[in-house]
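Here come two complexes built around subunit A, the first alongside subunit B, the second alongside subunit C.
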Partner chain A sequence: MAIEVIKPGLATTVQDAGRVGYYNVGIPLSGALDQYSFRAANLLVGNDENAAVLECSLLGPELRFLDDAIIAVTGSTMTPKLDGTLAATGEAIAVRAGAVVSFDFMRAGARAYIAVAGGIDVPVVLGSRSTYGLGAFGGFLGRKFAAGDVLKTGPAPAGARAGRRLPAELAMPLPKEVELRVMPGLYYHRLTEASAARFFEDTWTVAPEADRIGYRYRNGRPLEFCPRQQPFGAGSDPSNIVDAGYPYGSIQVPGGVEPIILHRDAVSGGGYAMIGTVISADMDRIAQMQPNYKARFVKVDLDTALAARADRQQRLDQLRAALR
Partner chain B sequence: MPQVEIQCPLPGTFYRKPSPDTPAFKNDGDSVAIGEVIGLVEVMKQFSEVQSEIAGRIVRFVVGNEAPVEPGQVLALVETA
Partner chain C sequence: MTIGTARYTPGGDEHIFVELSEEMSLEAFFKGMAITTALAQQKVPGVTEICPANASYQVRFDPDVIHPDAMLAILKRVEAEAGNAELDLDTRIVEIPVLFDDPWTNETQLRFRERHQDPTSTDLQYAARINGYANVTDFIAAYSGSPWFVSMVGFVAGLPFMFQMVERARQIEVPKYLRPRTDTPKLTIGHGGCFNAIYSVRGAGGYQMFGITPAPIFDPAQGLPYLKHFMAFFRPGDIVKFKSIDRAAYDAALDQVAAGSFDLRIRPVKFSLKQFLADPAAYNRSLLEVLHGN
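And then the complex of A and B:
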C-alpha cells in the first residue's frame, strides 16, 4: 500500500501521539499539534487512535493513491477532492487505486489531519513515528514531504469502512478569536504589576512566523520587567534569565515585545523568562490558529487547569464512544 | 470579457515583488500566462509562489504589497480572452 506525493503542500509531515520522555535531553515531544483532531482522524478510519497520520499546515498536498484506501480528513476546514470532485471532511471516505486526492484552501483552522486506514508506515524512532524537523529524524526521512516521495501505509484494520462520520458537535471548533488559559509562572514576578495586567487585557495577533516550534504573537503592548541587576550567567536584556528548562506550552517574550508559546517541536531550555504556561487542555486550540487570528490570554489557577484537563479527557472519551 | 479571480492559496503576508528593490512580478494591465508567478506569500518562515491558473490580462490587483492575506482571499482580477 503506497501513496505518491505529487505536490507536498507547505509543510506536510508524519505525526503521531508524540515522543514522550526525552525532553530532558533536548528532544521535544513532537507529534500532532492538534492531538484531538489527530485522534478523531484515526478513529474514523478504524485505526488505533495513536497511528501515524499526515499533518498538513496551512496548505494541503496533492497525493496519488496507488492502492484502494479508506481515508479521513479532520481538524481545519480543508475539503478533499477525489480526482477533482469535492468529498466530505470528518468522514471516512473510500479512495480508489490511482485516484488523485487534492484539497481546497484551508478555509478555517491551520492544521488538517489525513488518516489512512492502516496508518503511515515509517520507522519508530525513540518510541514514535513523529517527524522532528529540526533534529532531522523521525517521520519520513526526518523531514517534510517533497514532490516524488512515496509513502508506505500499513495493512488496513478489519474495522476500516467508508461512511463513519464525526458528529458535528464533536468536531474541533475553529474560531478566529481564541481564548488561551494561562497559569502564571515561573518568572511572572519579573513583570511589573501594570505590565502583567496589560498582558491579559490586550488582544494578540498570530504572527506569520508561528510554526510547530513556537507560536509568536504580536500587536499587544510591550511588556515591562522589574528593574534588577542581571544575575551572573543571564543575558543583559531584562527578558533574560540564567538558562532554565522550558516547559511545553511556556510563554517567553524576547525583549518584552512578542510573546512566543513553545509548541511540540520546541527547544527544551534557554535563557528567556517564562511569564506563564498555556494549560495543556488549550494547546490543541493553538494548533488551529492561522496567522492573523487573535488570542486573548486568560489567567487561571491550578484547580481550573486540572478541571479543564479532566473536561478534555471526557471529550476524548465521548469521541471514542461516538466513533467505536 | 469574463473576469476571473486569482485567489490566495494560503494565509500569510503577500508580496508583489521578488525582493524589496526589484520591480513587481506583474502590474495592472499586464498579460499573464498559466503558471506565471504573480506574487509571494510569506508564512512559517517560507516564501511560497502564487501562480496564475488562468491566462489573460490582469485588470487590477486587489491586495497591496505586504498586506496580510487569508486562504481564498481575492488577490487579483484577470480578464480572459
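And then the complex of A and C:
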C-alpha cells in the first residue's frame, strides 16, 4: 500500500499522538497540533485513534494513491478532490488505485488531517511516528514532504468502510476570533499590574510567524515588566530570566512586544519570562488559527481549567461513540 | 551561601514549575538535581516529564491521573527530603575538543556584525576585553582551564547549557547579540549571560560565538560509539572540560567522525558539592586527574 506525493503542499508532515518523555533533553512532544481532529480522522477510517496521519498546514498536497484506500479529511475546511471531483470532508471516502487526491484551498482553520485506513507506516522513533523538524527525525525522513516521496501505509483494519460520517455538531469549530483561556503563573508577577490587565483586555492578531513550534501574536499594547536589578545569570533585559524550562502552552513576551505561545514542537527552554499558560483544553484551538485570526486571552483558575479539560474528554468520548 | 524556599507556580493544568532561585548558582542547580533525581526514582503515576534546568525545574503530568494539588504536595515533600540529603552526584566527566577562533563562526560573525555590541571586534576579542583579559589567548586559557557543569539540556534537541565551576568573581559573562542571528553553525561553542552552550544543530541563535567542536553531540542516526546509547549525548549533571585544539587536530577529528571511529574521553566521577565549595581550584584539579587517568 503506497501513496506518491505529486505536490507536497506548504508543510505536510506525518504526525500521531506525540512523543512523551524526552523533554528533559530538548526533544518535544511533537504530534498533531489539533489532537481532536487528528483522532476524528482516524476514527472515521476505522483506525486506532492514535495511528499516524498526514498533517497539512494552510495549503494541501496532491497525492496519487497507488492502491485502493479509504481516507478521511478533518480539521480545517479543506475539501478533497478525487481526480478533480469534489468530495466530502469529515467523511470516510473510497479512493481507487491510481486516483489523484488534491485539495481545495483552506477556507477556515489552519490544519487539516488526512487519515488513511491502516495508518501511515513510518518507523517508530522514541515511541512515536511524529515528525520533529528541528531535530530532523521521526515521520518521513525527519522532514516535511517533497515531490516524489512515496509513503507506505499499513494494512487497512477490518472496520474500514466508506460512508462513515462525522456529525456536524462534533466537528472542530473554526472561528476567526478565538478565546484562549490562560492560567496566569510562572513569571506573571514580573509584569506591572496595569500591563497584566491590558494583556487580557486587548485583542491580539496571529502574526505570520505561527508554526508548530509557536504562535506569535501582535497588535496588543506592549507589556511592561517591573524594573529590577537583574539576578546573576539572567541577562540584561527586564523580560529575561535565568534560562529555564518552558511549559507547553506557556506564553513568553521577548522584550515585552509580541507574545509567543509554545506548541507541540516547542523549544524546551530559554531565557524569556513566561507570563502564563494556555490551558490544555484550548491547545487544539490554537492549531486552527490562521495568520490574521484574532485571539482574546481569558484569565481562568485551575478549577476552570480542569472543568474545561473534563468537557473536552467528554466530547472525545462522544466522538468515539458516534464513530464506533 | 544558602538559597531560600522554592517558589511553586502552575504552568497551566499539566505543569508545575519550580523556581529554586532567581539567580544562577551551583547550589540552586544542585538542589534541582537532587529533587528531580529523587522524584524520578519515585516513579509517580501520571508524571510524564521531569525537566531540571539551571536554577529551576518543571514537571509535566496528566491531571486526570494525579490532581495538581496532589502533585504539588509530592513536590514539596521531595524538596523537604532532598534538602537534608548530601549533595553528591554520581556523574561523568567528558573532554570536548574545541577549535577556538575558527573560520566558520568567524565567517558567520561577519554576516551578522551589525547585530553585535562591538562590530569592530570579533566575539572572542569583545568577550576577552569586557571580562578583563589582556588578550584572547588568556581568555581561551580561562575558558578551557576550569571544568563546566551541564546545568540544563534543551532549547533544541540535545543542546547543553553549561556553567563554569569557578567562583562568581571569575565567571565569564557576556551579553547576547543585540538581535538574534538567523544562522549559527552546527557545533558552535557559544556563550550568553554566564552560560556556555554547544549548538547541537544549525539554526538561529543569540550567543557570542567562540569556536567549534568536531564532536557531534546529537545524531538521530547514532553512528558514533558515545551516541549508541541515545541520540542526544549530554545530560544535566555532566561535567565538561574543554580542550583547545589546532586546525590539524580538528581536521583529523572530522575524518574520524566521517569514518565512524571518533570517540570522546569519558570517565565516571563522583562529585561532592561540599568538597568543591571548600576549595574549588584543588577540587577541579582532582577532577582533571580522574579525566586523564585510566
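One rule holds for everything that comes next: the second predicted complex is superposed on the first by the 324 of 324 C-alpha atoms of A that agree within 3 Å, B and C clash if a C-alpha of one lies under 4 Å from a C-alpha of the other, contacts with A are read in each partner's own complex, and residues count from 1 in each chain.
Keep in mind that, in the parts below, a contact is a pair of C-beta atoms (placed from the backbone, for glycine too) under 8 Å apart; a residue touches a chain by one contact, two chains touch by 3 or more.
Being a predicted model, the structure only gives us computed values, none of them experimental.
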item	value
Which of subunit B and subunit C A:106 touches, first, second, both or neither	first
Partner chain in contact with A:57 - subunit B first, subunit C second, else both or neither	first
Touched partner set for A:290, first subunit B, second subunit C, both or neither	first
More subunit A residues in contact - subunit B or subunit C	C
Partner chain in contact with A:226 - subunit B first, subunit C second, else both or neither	neither
Partner chain(s) touched by A:210 [first = subunit B, second = subunit C, both, neither]	first
Touching partner for A:10 - first (subunit B), second (subunit C), both, neither	first
Intersection of subunit A interface sets (partners subunit B, subunit C)	none
Touch list for subunit B against partner subunit A, complex	7-13, 42-46, 48, 68, 70-72
Residues of subunit A touching subunit B in the complex	10-11, 57-59, 105-107, 110, 208-211, 290-292
Residues on subunit A engaged by subunit C in the complex (per definition of touch)	20-21, 23-27, 125, 132, 134-137, 142, 183, 185-186, 188, 231-236, 241-245, 247-250, 267-271, 274, 277-280, 302, 305-306, 309, 313
Parts of subunit C lying in touch with subunit A, wherever the complex brings them together	9-15, 17, 19, 21-25, 48-58, 60, 63-64, 68, 152-159, 161, 163, 168, 175-176, 192-195, 200-201, 203, 218, 220, 230-232, 234-236
